[in-house]
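Next come the structures, one after another.
Paired with chain B in one complex and with chain C in the other, chain A is shared by the two complexes that follow.
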Partner chain A sequence: MQMLKILIVSLIGFVSATLSAQAVIEIDITRGNVQPLPIAITSLVGSDQEMTSNGSVMEIGQQIAQVVTADLERSGLFSAIDPRAFINSANASPVPQFANWRAVGAQALVTGIAELEEDGRVRVEFRLWDVLAGSQMTGLRYYTAPRNWRRIAHLISDAIYKRLTGEDGYFDTRIVYISESGPYLDRIKRLAIMDQDGYNHKFLTDGSYMILNPRFSPTSQEITYLSFYNDTPRVYLFNIDTGKSEMLGEFEGMTFAPRFSPDGKKVIMSKAENGNSDIFAMELSTRRIQRLTSHSAIDTSPSYSPFGRYITFNSDRGGSQQIYVMDADGSNIKRISFGDGLYATPVWSPRGDLIAFTKQTGGKFYIGVMRPDGTGERILTESYFEEGPTWSPNGRVLMYYRKYPYDNNGGGGETQLWSIDLTGYNERQILTPLDGSDPAWSPLME
Partner chain B sequence: MLNKFYAKLLIMAGAALVLSACGNTNDSAMDQTPAAEPAPAPAPAPTPAPAPRVDTTTQEYLNDIMGGGVEADTVHFAFDRYDVDAEARRILQAQAEWMKANQSVNVVVEGHCDERGTREYNIALGDRRANAVKNYLVAMGVGASRIRTVSYGKERPISTDHAMNRRGYTRVN
Partner chain C sequence: MKNALIISGIFHLSLLVFAAMDVPWFDTVENAEMQVIPVEMVDIAEVTKTVEIAKVPEPQRDKPKPPEKQPERMAELPPPPPKMQSTMPLPTQTAEKPAEKPKPPVKRAEAPQVQPRSRPKPPSRYSADRIAALLNKVPEKESVIESLAERFGPQEQQATSLDVQRQTMSISAAIRKKIEDQCWNPPSGALDAGSLRVTVVMYLTPDGSLARTPVAEDYARMAGAQKVAADSALRAVRMCAPYSDLNLPKEMYDQWREIKMNFDPSEMIS
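And then the complex of A and B:
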């Protein structure tokens, strides 16, 4: 992401009719089924005479508003007011006429401008207003190359989300996943990446060999995954910027189920020897591995807690697939799942308070969460088949994939990406050009 | 069964072709043009092909070593299990005899799972199954260096019938 170098953000001065007005609007995202906040998002005002390689500045301003609208609406926390209802047309005047926005039912208002700078960059400013209090809630200014307008829109969405919920957003993020195509007897599974809203989609491998279970580095533009290159399943490290991949270590047995440590310095994974899978951690700088479990059962799907002190993993050492937690050095192994059925793919929330999992019982599959001590199990979704939750970087949304049953005519079996809020509401499909599975959410870009 | 029979005839004819082509490799290794000889007789010839021509080292041959419609290159497993049951042992004994009789053959044992499970766990389970097959063959006297294992987890189904997908497949390498 070279664009980071040219991106400058600065807080812009508050212009407000009412001095130090208390913000009256806020969104409590810990509650389910919140009433979406009515928000008016105006096109950023720009000139149609100022041309860039990405169209006029006016068009960029309009498109930014559209992307912000789509981001906020998808979160389920906002309901954008149809611009055709606006009494005011967008204008450059810094202070809105709040009465006109109250009249259309808006509680929050987004205004802004876009201008072409002499050096060819675009300056984008936006302000978020509390319509009822008649005051500015936040305002930011960005400078960037015109081609980065979409990222600016996501940054604005994140700023609005943060100001109104008190928590970081997740809009300036990407999803790496497995793009699937072809009939079930001959399925092609390759690595692909896209923005969290599905734009800027790119295939990262050509499909000549299978890739599974990709995961983002929390600290760099790298992905780790299981690759079947050369018909030899092994864990790889892939650099998104250079497109280069390398095998992590050379081992006699298979390596799989990789995941980064929270500091990005290690990859934890399963390694199989003569059919038995145990968990190992590899220091990336030295490529030295440390054995963490040693048991004749299957130990797999390891995931660190946010500060790296603990590891949750999947094991059938108790006779069936269950979720366990241990210290990061492999000591103090405790089983935490005790409900009916099988439990798999535990993933620690970036907030640390929950572990998301896949559950299998009664011929169905479920995505749920429980506390790290195993209490408070809560099921969020169910279907014929779904698995592999990944957390949004703010720990408020889970993405996973669903697979549909085959029909009797050789059809069916589609895989799709879905997301749901931690509250259990706002379940949505994430559209992909082909079928999709194994989503992994990136951290917030910087 | 009929299909299998014809497939075998074709393979035998194909093997004969390969053998006759081999004689030419020295002087025309790069030449892909078929020799200007008369085409071989069509496969369903009234007189059976000579027995010594049968290539006993092919996948098709292995598949039919037990006859009676048994797919002798594949063993099946119960849900979430990797133990080799009596039927699987019968097949693996035949595989081991065949490997001992065909010392030039190396195999890859593929471990597979049904789709009613999570990806990562099934990769591990497939590895268990592949190694269960390998260990049985080794116990029956086959050299361990002749057997490579690979797990495809649930990623390579051959059927919409879950039981058919829980399998160890011995692939001639």
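And then the complex of A and C:
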């Protein structure tokens, strides 16, 4: 009887325990609204009495905030709140009054200071705050010569982007491209370089000979390109810091479409002999060259996967121009594109998940992406003519060039640089002093 | 012999009747139980809808009352004007009074939100606040019963386990809808963003505001994109607070004082 009592009591206890355990409500949240994150970026606080070669420290602080705002907005992932709506003006108090920032709809807040050091450098500090939680998410300090304030701004943008998206940024990067000018039949094509936002523009060649296919090294400030110096097309290597260029060997026939390997130690390219082109890789230290394909069809536009194990290229060996993937030694060739039309210029994303390409069908050109196994093809943009996608170093944005048709009055024919992110919505033009084509994105600067 | 036959016949007949009625009945019970699970799942959406609809009428029912009273007071007011035949300034004074009178009910409606905080302070002596709080308990209980009646009808005011289950579903559906529609902005940029699942526990006070900081499981060990996903979930929980607009049933506070939420963007981002 006693046993039965104990049994009943323990049973009741067990049942009530399970009931109370169920009491915590569990909810699955599976939908949301993907929207730009509202962020408030305040001017870095600095003195207008401290003068540098680039204006007062206060002005530098204001300009840094403007560049950071422009960077983050251009990414399409953030919406910067108009500073005129701010309840608090910028001030040096270490902890912001979060209620005031919440009131203007900010979810993230950037504050900071700029001060002149005794050695003439500027010290820049910024903090990124989670407005809703009322806590600091990240904070960094930089020292730099006043003229480098723009790079510091891009570095701050990268740090904010990384903390809020989980991906590396791409703002402290540069673009090389071909600057074009002159009439259609006598085009002057020069190599030019600029920051990813179009500032600090410089011409690297004088236009006396044609330059094509510039490509950045993924590990250093070096570029390969195809030069028609002395009317002979050759692949060259150009060091941006030293300004020196060298030819990558003398080959029979024509070499083109060069591209670095991910470790920067090899250059892969096409070489045409007797009307047929195949793919070759060259070791930069030894200048040893290795043939990777040998087929009667035209194989060109090779690009390595991020770890250098595979190569994607295009070929018309199947009857029409399509994208193929092979092992880095040239074995195991597989076709991956099977859609309508012609596929060209495959480029492997730096994060490995996608291959970008140019597609031509129905009298139009398209930039799209597909997975390395050929599935999930997605068109991001289309126009009369566009080509040559290049990836941002974080693999989220593509830059390419677009050409407009000539009209009957001799106008039109502009060539412009454009960028689009992987969502396919955030498409923007990158302004260049003259026409621009064939862009190549640098890695993050060291 | 005849008797034996009759008895045997009755037994056989009753056996047949039992077999015909009871045996299949057991079967259907089993089937019904098997079907309960999917049917309950369907119910969530229905309950969600009723909550949505119920949410709107509730304030409307509260509000229509003051208007009803106002006309009464307006009806009462006409008598004063005769009194103030003598002076002109008086009409404006009397005109102000009706404007002032409707305000108190509004204040009383707000007071209950403060009241729970004053409850856990028994040591303090009676104060104006406390008396107000005591007074305010009455309308509060009424509103709870009203909301219960609206949702489940008058017969079901006694909470059965099924009621609790149903109401729990409507609570979770209401919170889910608010967070999904208004507050969650999942990070889409990261590689494999669709696979970044996060579990957040939120603690609520009886008035529906956050009792303390919401917690993401394993947050301290997170880095990179996973941490960013957790941040977005925590932001959503904070953005949506307070949850007082959902009119969560106070008598069931024990059920919703702690809520576990699984944020899973895989259906949105592939």
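Rule of thumb we're sticking to: the second predicted complex is superposed on the first by the 412 of 446 C-alpha atoms of A that agree within 3 Å, B and C clash if a C-alpha of one lies under 4 Å from a C-alpha of the other, contacts with A are read in each partner's own complex, and residues count from 1 in each chain.
Operating definition for what follows: a residue touches a chain if its C-beta (ideal position, glycine included) is under 8 Å from a C-beta of that chain, and two chains touch if they have at least 3 such contacts.
Just so it is clear, the structure is predicted and the values come from calculations on it, not from any experiment.
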**OP:** For A:Asp438, decide between first (touching chain B), second (touching chain C), both and neither.
**Re:** first
Original post:
Which partner does A:Asp197 contact after superposing on A: first (chain B), second (chain C), both, neither?
Top reply: neither
**OP:** Go through the superposed model and pick first if A:Glu26 touches only chain B, second if only chain C, both, or neither.
**Re:** second
**OP:** Check the residue A:Gln107 against both partner chains and state whether it touches chain B (first), chain C (second), both, or neither.
**Re:** second
Original post:
Can A:Thr165 be said to touch chain B (first), chain C (second), both, or neither?
Top reply: second
**OP:** Go through the superposed model and pick first if A:Asn276 touches only chain B, second if only chain C, both, or neither.
**Re:** first
Original post:
Which one hits more chain A residues, chain B or chain C?
Top reply: B
Subject >> Touching partner for A:Glu222 - first (chain B), second (chain C), both, neither >> reply: neither
Original post:
So which bits of chain A does chain B touch that chain C touches too?
Top reply: none
Original post:
Hey, which residues of chain A end up touching chain B in the complex?
Top reply: 184-185, 187, 189, 210, 212-213, 226, 228, 231-233, 253-254, 256-257, 270, 272, 274-277, 298, 300-301, 314, 316, 320-321, 342, 344-345, 358, 360, 385, 387-388, 403, 406, 410, 438
Subject >> chain C-facing residues of chain A, complex >> reply: 23-35, 37, 77, 107, 130, 132-133, 137, 163-167, 351, 353, 395-396, 423
Subject >> chain C - residues contacting chain A, complex >> reply: 168, 171-172, 175-176, 179-181, 183-191, 213, 224-229, 231, 233-236, 238-239, 254-256, 258-269
Subject >> Of chain B, residues touching chain A in the complex >> reply: 80, 82, 108, 115-121, 123-125, 127-132, 135, 149-153, 155, 157-158, 160
